[in-house]
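First chain A sits with chain B, and in the next complex the same chain sits with chain C.
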Partner chain A sequence: MIRSFRALLIRDLKLAARVGGSGMMGLVFFLAIVTLMPFALGPDLNLLSRIGPAILWIAALLATLIGLDRLFQADQEDGSLDLLRLAPVPMEVVVVAKVTAHWLVTGLPLAIAAPFLGLLVALSPEAIGAMVATLLVGTPALTFVGAVGAALTASLRRGGLILAILVLPFMIPTLIFGVSAANAALGGTVPFATPFLILVALSLFAAVVGTVGAAAALRSGE
Partner chain B sequence: MVRMIRSFPRRMIGQPFRRTRWNTRGATSECRIVEGSPGCDALRLSEIVIQPVAIRALQAGLETAKSTSMILDLANPTRFMSFSGRLLPWLIGASVVLLGIGLAMVWFVAPADYQQGETVKIMYLHVPAAWLSLFFYVTMAASALGTLVWRHPLADVSQKAAAPIGAAFTLICLVTGSLWGKPMWGTYWQWDARLTSMLVMFLIYAGILALWRAIEEPNRAARAVSILTLVGAVNVPIVKFSVDWWNTLHQPASVFRLGGPTIHSSMLVPLLVMAVAFTLIGVSLHLSGMRTEILRRRVRTLTILEAERLDAQAA
Partner chain C sequence: MRLDVENLACIRGERRIFSDLSFALGPGEALLVTGRNGAGKSTLLDLLAGWLTPAAGAVRVFEAGDRTLPESLHYVGHRDALKSALTARENLEFARDFLGSPALSPPDALEAVGLAHAAALPVAYLSAGQRRRIAIARLLVAHRPLWLLDEPTAALDTASQETLRKMMEQHREGGGLVIATTHSPLPLRDAKEIRIERPTPAERPA
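Let's look at the complex of A and B:
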């Protein structure tokens, strides 16, 4: 089981690296959205630094959606998903492997890039640290929730838009606690740990529900 | 769609009814055995899958099938159609009468609030709609379990019929709440926990409706939607307890709470009458929605059969 997990993970990472990686696209999209914000709001650094965490979180959320529709769809189209269904490995392991690979090429780069983009919206050093921490523990929740939607829409021809409609409501809790944790680090009445721990809990919860849900959706979608 | 198959061999009775074995060419994958007796020479096929219990009863012979429960009877779409057809006029009549009584009570009997004045009467639409939006979500989630665990055809149908009704009640709740909020709180909308979780609920309903429309094949759509519905069920307790967990602008629960309701009986009685009336309306809509859906599926199967027949003729 561990071997097939590793094989799948490496396969997906290689695919992401060699086939015009969606990871880089997500990163560029992230940068584009953060760049758009000052144009919409005006280049007021005080305002930007106050709502900076919110901007970064929204951008990260949207960037996660990019490429999510291809998570299982590509495998569905070339038939490898059918082989995975027939394989002795439980579908849950397949889901975890694919989601981990997807997170490594989209979520992780976002968290690593956050400090540089934080500079664009004039975040203070403490806030940047908090931003990276919240994105690191929060983006897995987004990916796992998104995996359920991706599995449900795997066989649809135009799954991208409906995927967004399906999963965005479920991403709201992560967004709330991600932003409030980052804001707590900016200073406020709530200590950083409170929303941050809830964010961790949300990620763990999403990991369980997302894995089981996506696996069930893939199994029933044959 | 019922078709008879001649010369039904006795030894087939104990066999599992997989789609490949008992598929007549035209009937596609939705065709299953509904009735047959051991040694008889005919059996009925319906386009809609029956639950495993019914198959087991079938295997044990028709005698036991007849003695099994009412639920099993209703599990058969044909029996459901006749039963709901008889029940529906009564339900509609009762909901119209109760709605009339309820509205009259709200209009003439229920007192105006000493602080809120006449605007308190929005409550009699707002609160029942809110209850029913949760009620229909729970109905959908229960049916989703029925679809996933028992592969029950009526569960699919019930799920599909409940979605637009629940969404409509959620919308009514949001709109009336917003209209009530303007005079009372001074704003149409406030991002507090109850309002926000209700809005999320509406979005989830919208997603479910979108997914129903996106997948054409009804059985596959039903399974996909049930997974989404069950994942979305997380939101139901959040809506219910949001007023207890967070300190919100929305008032806490005042009817169903430990220690009895906190509203006066002169308002509680009309509210409960309205709630029952709304429930009856909802159930009537749900039943007739289910009937429409069953008929729609029959039409779909007939269309496919017809197309295949023409196809075979042309070939």
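Let's look at the complex of A and C:
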């Protein structure tokens, strides 16, 4: 089981590095949104630092969404998905391996890039720390929720838009608690831990439901 | 292993593709599936691989240990299931690790299909026939008793067809099973043959 998991994980990481693929695209998109915001809003540093966490979270959410439609579709198109269905392991393991690889090349770079982009929207050091923490524990939820949509739309030729419509409503709780945790770190009546722990819970919940859901969608196939 | 297919029927959408299809295969036996384009040859393979559920009938496996049917078969279809950004060798290494029960090493398997020189080339640079040969080399890197081949000779030159025929015979000598759909007659030693016919209009559901 470990062997199949590792083989698939390594293959997907290699593919992401090789094609110059989806990982970089999400990161560049993230960068583009965040850098455009200060130009659009004007040089009001107070305003920027107040809405900074929200900007970063929305950008992260959209950046995650942008590469998701290829998660299973690429394998469906070249027949690799048929090969994956012959695995000596349950489909759930295949899903976890693919989602992990996808998160490592999209979600993780977003969390790592957040401190630099936090400077662009005038976040304080505490807020930057909170941003990195919330993105680290929150982006897996986005990827797992998105995996269900990606599995459902794998065989559709233009599944990207349907995918977005399908999964965006389920990403909203993550967005709400991600932003509120980052804001709580800046002060306020709610302690940081409260929304942060709910965010962690959302990620764990999405990991279970997303894995089982995506595997069921892939199994039923064409 | 042993495969027993009984009264298999398949309905896709409103259309009955075939029904009452029965055959049994024991160790070392081969089955050639023939029929017109669109008769349902590939659909039969999809059913056997477990990607489609039959409308009626059953597919049973015996003497396969604790493996399920999808875990004990290889499938080579129209889509080669190769990642074009990876090299031939990397594709085979992945298949070997992922599918389990490893057999030949990737360089040896490539040697067997006459593509040793292309091991380090990304699959994107290779021709359709060469890609098909790498997909066939996948049969050798992991041991699985049942081979499902969907028109395996498509895009292959005559020399490669002969290599494939030898591979299939060798697999059967080791007790393996082969089910292949084909248009051109494959000269396999006493292979069973089954022809899928289009149902007559009267049989079609309204």
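Methods note: the second predicted complex is superposed on the first by the 221 of 222 C-alpha atoms of A that agree within 3 Å, B and C clash if a C-alpha of one lies under 4 Å from a C-alpha of the other, contacts with A are read in each partner's own complex, and residues count from 1 in each chain.
By definition in this document, a contact is a pair of C-beta atoms (placed from the backbone, for glycine too) under 8 Å apart; a residue touches a chain by one contact, two chains touch by 3 or more.
Since the model is a prediction, treat every value here as computed from it, not as a measurement.
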Open item on the list: Tell me the contact category for A:Leu136 with respect to chain B and chain C: first, second, both or neither.
Closed with: neither
- [ ] Check the residue A:Leu9 against both partner chains and state whether it touches chain B (first), chain C (second), both, or neither.
- [x] neither
Open item on the list: Let me test your reading of the model: by the given contact rule, A:Ile165 touches which partner, first (chain B), second (chain C), both or neither?
Closed with: first
Task: Which of chain B and chain C A:Ala122 touches, first, second, both or neither - done: neither
TODO: Answer with first, second, both or neither: which of chain B and chain C does A:Ala54 touch in the superposed model?
DONE: neither
Open item on the list: By residue count, which of the two partners contacts chain A more extensively, chain B or chain C?
Closed with: C
- [ ] Could you look at A:Val209 and tell me whether it touches chain B, chain C, both or neither (first, second, both, neither)?
- [x] first
Open item on the list: By the touch definition at the top of the document, which applies to A:Met24: first (chain B), second (chain C), both, or neither?
Closed with: neither
Open item on the list: Quick check for you: in the superposed arrangement, does A:Leu108 touch first (chain B), second (chain C), both or neither?
Closed with: neither
Open item on the list: Going by the contact definition given at the top, which residues of chain A touch chain B in one complex and chain C in the other?
Closed with: 221
Open item on the list: Help me check something: in the complex, which residues belonging to chain A touch chain C?
Closed with: 3-4, 6-8, 10-11, 14-15, 18-19, 77-80, 82-88, 221-222
Task: Complex contact set, residues of chain C against chain A - done: 49-52, 67, 70-71, 73-75, 77-86, 90, 93-95, 97-101
Task: chain A-touching residues of chain B, taken from the complex the two chains share - done: 148, 196, 200, 203-204, 206-207, 210-211, 214-215, 220, 223-224, 227-228, 230-232, 234-235
Open item on the list: Considering only the defined contacts, which chain A positions touch chain B in the complex?
Closed with: 148, 152-153, 155-156, 159, 162, 165-166, 168-170, 172, 209, 213, 216-217, 220-221
